[in-house]
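Given below, in the form of structure tokens, are the structures.
One chain, chain A, links the two complexes that follow: it is found with chain B in the first and with chain C in the second.
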Partner chain A sequence: MNTYEVFLKKAGKEPFSHAGSFDAPDSELALLYARETYGRRGEGDQMWVVDRANLLIADQDDLAMADRVHKHNDGQLLAELRRSGRGKAT
Partner chain B sequence: MSPDETANELVLAFADDELCVGQNHSWWIAVGPFLEEDLAFTSIAQDELGHARALYSLLSDDLDHIAYGRPHQEYRSSHIAELLCHDWTSALVRHVLHDLAEEVRWAAMLDSTWVELATIATRAAAEEQFHVQHGLTLLRRLLSTPEGQLRLSSTLIDLAPKGREYFAGSDSGLVTSGILNTSLADQERTWMKRIDDLLAEFELNVDWSGEPPSQGRYGTRSRDFSTLHDEMVAVLQIDPLANW
Partner chain C sequence: MRNWRNIGEFEDFLDDGGIVEPNDDIPDPYRKAVFRFIEMHANSEYMGGLTERDWIPKAPGLHRKMTALAKSQDEIGHAHLLYMVAADLGIKTREEMVTDLLEGRTHFHNVFHYRVHSWTDQIAVAYLVDAAALASQQAVFKNCSYGPYKRILRRVIVEEGFHMRNGEEMMLLMARGTDVQHQMMQESINRWWLPSIQLFGPDSKPDDELLRWHIKSERNEDLRDRYVQKFVPQLLAGGFTIPDQDLRQDNENGKWKISDIDWQPLMDTMRNIGPDSSRRISDAKRAWYDAEWVRTALDDATKAQA
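Let's turn to the complex of A and B:
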């Protein structure tokens, strides 16, 4: 058995999002089981099914390293600048 | 029988086949060979019960009575549909035989002069594509392994001739009146050819030479029917007058 990941997209502008995972013996049965397991109640009108073996998996330590304080921007600084700008105009 | 009565009998037999197979499939809820197959198989069970419901609605407004309340001899189901499949091998084989038969049976009604029947057939035939794809994909996958061959071959060869009962019963006048576009005998030939072609892929042969079964169509129930029917009506029997 292989493990597969399922992504579903609804009509409109919604992006594909992860719906879950499941096991199947081959890709033909994978599509069939994906439809019954995750799509039988109209949960999406498009579906991607990906064999987990084909996923590129990022290193978790590298991922932690990438998270630094100066990468965060909650918009406060910009908001303050705008407020002070408005103050001058009036 | 007038063509109308013959058409009603044909629809009743089809509905009873669907009811029995839907109920039989549903026994695999939570005990299928693996979770994904469990979901797929019992989703098919729901579809079959849906087909039964649609067909019964052509014959009666009292769906509970027509589905569950008739004396046993008034059912018209084929014995292959009534068969209790205690192991996954026979459940899978009956699923394949049944859905290949359904595909042929619905196709014969797609352009029926009985307009409501044609509407039901059109919708059911679309669902049937998935059922057949499911059954054949899984069966081929398993037959391509030595263990699968060992488990499935004898069951396939044993059950296939019993499937001829799907095409038993009268179709007198139904092709002439346009209720069916193909006689039951021609439907049966199409179905047997599909089974032969499928089995030939795995160098298996069915012996079709025996007398085709037809007792179920004339009111004789198989040994398994009463167990199946008791299970169907178990909840209903607790309080027959309850509103659902």
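Let's turn to the complex of A and C:
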């Protein structure tokens, strides 16, 4: 048995999202099980099924390091500037 | 991998609404507690699904048979999803969990230790028991600190809602049916009221670790009380009586108060010595070994592909 991960996409602009996992012996049955386990009531109109062994999992610390303060602007200074001084909308 | 220096730091993380993921360095006591909880839930879905299955051929009419079929698939499906989530905690494999259940080494909800005598019993299970189970699952879902469990509960709850609507619909049909149907429904309510109430368990202890670690978010007695307040009026409206001689309504706040609960029946089910425990377990065991050939065929298919 292999463990598979299921991703479902609802109609429209929603991105694919993780639905859950299950075990199946091969890819043909994996698609059948995925549909019967996660898609019985119109939960999505598209489905991706991935063998867990083929998932690449990013290191969480590396992921956290990619996030830097200079990549955000909390808008505080901007709000202050807008509230006061030269350039203030009248 | 996220880690915490000690349990205190971990508890602060949980108190701040932190969500634990399987690849975290999960403190052992938490891992064990959340595993036990999910395993018990999975076992209960499995045992419930098998009972539901028993009623597919006996359900009256094609529509009810098809509904029973869909419900059986849901319940077994829930067991499947929950066993996957539990197995990812790395304590037992799915097969070990099933074996422990079938050998009577682990537990499942009290309500599945009783015999379902009639079709109206099955309605009472769908109406009273499923509602009690759903209420406790919703309370876990609301604030559960273990991410994979919380996410899978969303799905379980949607499907349980379908079961509950079926249950209430069938109960109301019986309530408005013939005298014989009404009487049969009453007898089933008499049998299933107390087990449903007991499903919530005795009052939560002040130091309940499931509450402290935000696995559960509400106290047993609060859930039980809310259930009573909802179901007593519904049953009375259906022209039924509640099998509780001391049941009374508070004159001031209108709240229903049930009599003190004898917890011995619940304790018996927790030791797998309830009224129908041994038949249920041996039935599940037979079903498991009858399907052995399917598992063997699947394993062979895996090997052939490899």
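Details
Keep in mind that, in the parts below, the second predicted complex is superposed on the first by the 65 of 90 C-alpha atoms of A that agree within 3 Å, B and C clash if a C-alpha of one lies under 4 Å from a C-alpha of the other, contacts with A are read in each partner's own complex, and residues count from 1 in each chain.
The rule we apply is simple: a contact is a pair of C-beta atoms (placed from the backbone, for glycine too) under 8 Å apart; a residue touches a chain by one contact, two chains touch by 3 or more.
Computed from a prediction, not measured in an experiment: that's the story for all the values here.
Between chain B and chain C, more residues of chain A are touched by C. Of the two partner chains, chain B and chain C are each touched by A:36. Contacts of A:20 after superposition on the shared chain: chain C is touched, whereas chain B is not. In the superposition on chain A, A:2 makes contact with chain C only, while chain B stays out of contact range. In the three-chain superposition model, chain A touches both chain B and chain C at residues 1, 22-26, 29, 36-37, 40. Those residues of chain C whose C-beta lies close enough to touch chain A in the complex are 1-2, 23, 73, 77, 80-81, 84-85, 88, 94, 151-152, 155, 158-159, 298-299, 301-302, 305. On the chain A side of its complex with chain B, the touching residues are 1, 22-26, 28-29, 32-33, 35-37, 40. Residues of chain B touching chain A in their complex: 34-37, 39-40, 43, 130, 133-134, 137-138, 141. Against chain C, the residues of chain A that register as touching in their complex are 1-3, 18-26, 29, 36-38, 40-41, 43, 57, 60-61.
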